[in-house]
């Protein structure tokens, strides 16, 4: 398809890229867009793309598609569409502009869509950082039965079963979905808040508390001591 | 009027962290006796409200008491063990790990909040085709959905016998039936009343008979142990 | 919202309608669009809209919204977007234009993701767990005629005929396919969740919430936290 594609009018090229992104239910990675344009056979997993994608043409194609996407974005903005193309969940997809998303979030029909309970967020955080992880492992960390929560996260399509663990009982392994990335506005799991930073934050907080408490304790003792002395 | 709302505890670890925060306890040096008392009080409170605490709360209570006991061991005996590990260490490690993920959940919630004004396209071509073909309930299915569908089917079958059929029957109907039978028969056996009826009706008639006996409208009579029970209408007896 | 809406610039009115249609998860009926605009409470099923919607203003609003939608369609066409707003299943939704829809059909990526109705899922579940199984046996479990469903599962290549049963009429025996395993991400039928595993997903009640509800009604107790004494 590559040759045909480049022979097309640039406007038509843009429309083809736009319609592919528009119709794709999952955010579509740049690489996949290239493959579709290049060989029209991306669905065939048996094909080995590495040869083609290493070729300079492929990088050029990626660049070219990126240019086209940016031009489409400009068009969408200039014609005041309330949506644009964003990069999230590892690919390109259509989403509302923040301005009109804000309007939607004021409407009751859309308002509650993104609400998650504390328990769901907690469980989701554990799965996001520790994936792939089994339910017993989640429960070990949370210290409580989590079937219900895991179940509702599955139903919300925020997590998925990614396999079974090679341990007694062969429990399911859970991981997060693209839907999770989309909901949290992440392009990949690398964009999750850094867990090491969170760890040191928690430890510092605990240490600080320890120190404050020690000082208070010592002061109290001192006062007690003085009182005793005066008596 | 005061209404007391307890924070929602996600489990025993959450509850312990709550005590630690509320009482400004040093997590590295937890006063185990005090916190065990607090914990047990909470469980008693739940029980006094007729809430059966989840088993994990009871497991934690046992763990706390075990640690408390270890801490009470005489110092000399405990000296060696103390060098190896503080009996509280494992619990503290778990609490801190849980703290970390609670903090992480706040961090990802922040992301959610930042992203709250972005909505994605709601419907795709394949959905439209499905809507057009009037099969509105298509949804992507995972393996748990599959298992659940099977599970629910199996259980629906059992429930049908237990509930649905019985729900359609009313005790009044049973009483009416028995009364009408007793009008024509001076005495009647239970098996005769029930002959030709299915199990749910047999149960209904049995309950109706108990009710009529209670109301003293019929008498039950059994000639000997394990023989057929015969019912008499009280009005017939009087006549 | 009605008054505010009409005070808005016509362009903004269009953008609001457009973004609602864009983000709705079902084709959105004209009436529902009106309700959202009119009272901003369409989600509340207890509200009785009949009074309002019978009023001439409402009809006017419907007309007005229709005009706006048509103007949006014109804009989309004039700016050569490869998608437009269509009316389907009793509501409005975005869809690719027929012209560019054709482009998509050439691309292998856009085969529909396999989706299943509840009845199909049910039937598939019975076949998966009890295979090989005949249609009468399936119908015995489901309590309803399942010919159509079995046929569509055959068409989707999720089940196959694996033989005939040695019983009167020699009915076909059905079993699942490799395609089925692929769809559900299974390596083999052994990996189907067993009923105990599933039980943990369906039977649990959300204890935490139950507990809070009950405790909220208590007037006094020993444990009082930071955020408790409200009103």
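Chains here go by letter, A, B and C, matching the order in which they are written, and residues are numbered from 1 within each.
Everything below uses one rule, namely that contacts are C-beta pairs under 8 Å (C-beta built on N, C-alpha and C of every residue); 3 or more make two chains touch, one makes a residue touch a chain.
Keep in mind the model is a prediction, meaning the values are calculated, not measured.
Every chain gets a centre from its CA atoms, and the centre nearest the mean of all protein CA atoms is that of C.
In this assembly, A is the chain whose CA centroid lies farthest from the centroid of chain B. Between the Cα centres of chain B and chain C there is a gap of 29 Å. Centre to centre, using the average C-alpha position, chain A and chain B are separated by 35 Å. For the pair chain A and chain C, the distance between mean C-alpha positions equals 23 Å.
Annotation for chain B: residues 8, 10, 54, 119-121, 125-126, 140, 142-144 touch two or more other chains.
Those residues of chain A in touch with two or more other chains are numbered 22-23, 25, 83, 94, 96, 101, 104, 110, 119, 145, 151, 154, 161. Contact residues on chain A toward chain C in their complex (touch as defined above): 11, 15-16, 18-20, 22-25, 32, 36, 40-44, 75, 79-83, 94, 96, 100-101, 103-104, 106-110, 119, 135, 145, 147-148, 150-151, 154, 161-164, 170, 172. The part of chain C that touches chain B in the complex is made up of residues 19, 22-27, 86, 88-89, 93-96, 101, 104, 110, 112-118, 121-122, 124-126, 128-129, 141-142, 184-186, 191-193, 195, 197-199, 201-202, 207-212, 214-216, 218-231. Every residue of chain B that touches chain A in the complex is listed here, in rising order: 8, 10-14, 24-29, 54, 56, 60, 94, 96-112, 114-121, 124-126, 140, 142-144.
Within the complex formed with chain C, the residues of chain B that make contact are 1-10, 18, 22, 38, 41-42, 45-46, 49-51, 54, 119-123, 125-126, 128-132, 134-154, 157.
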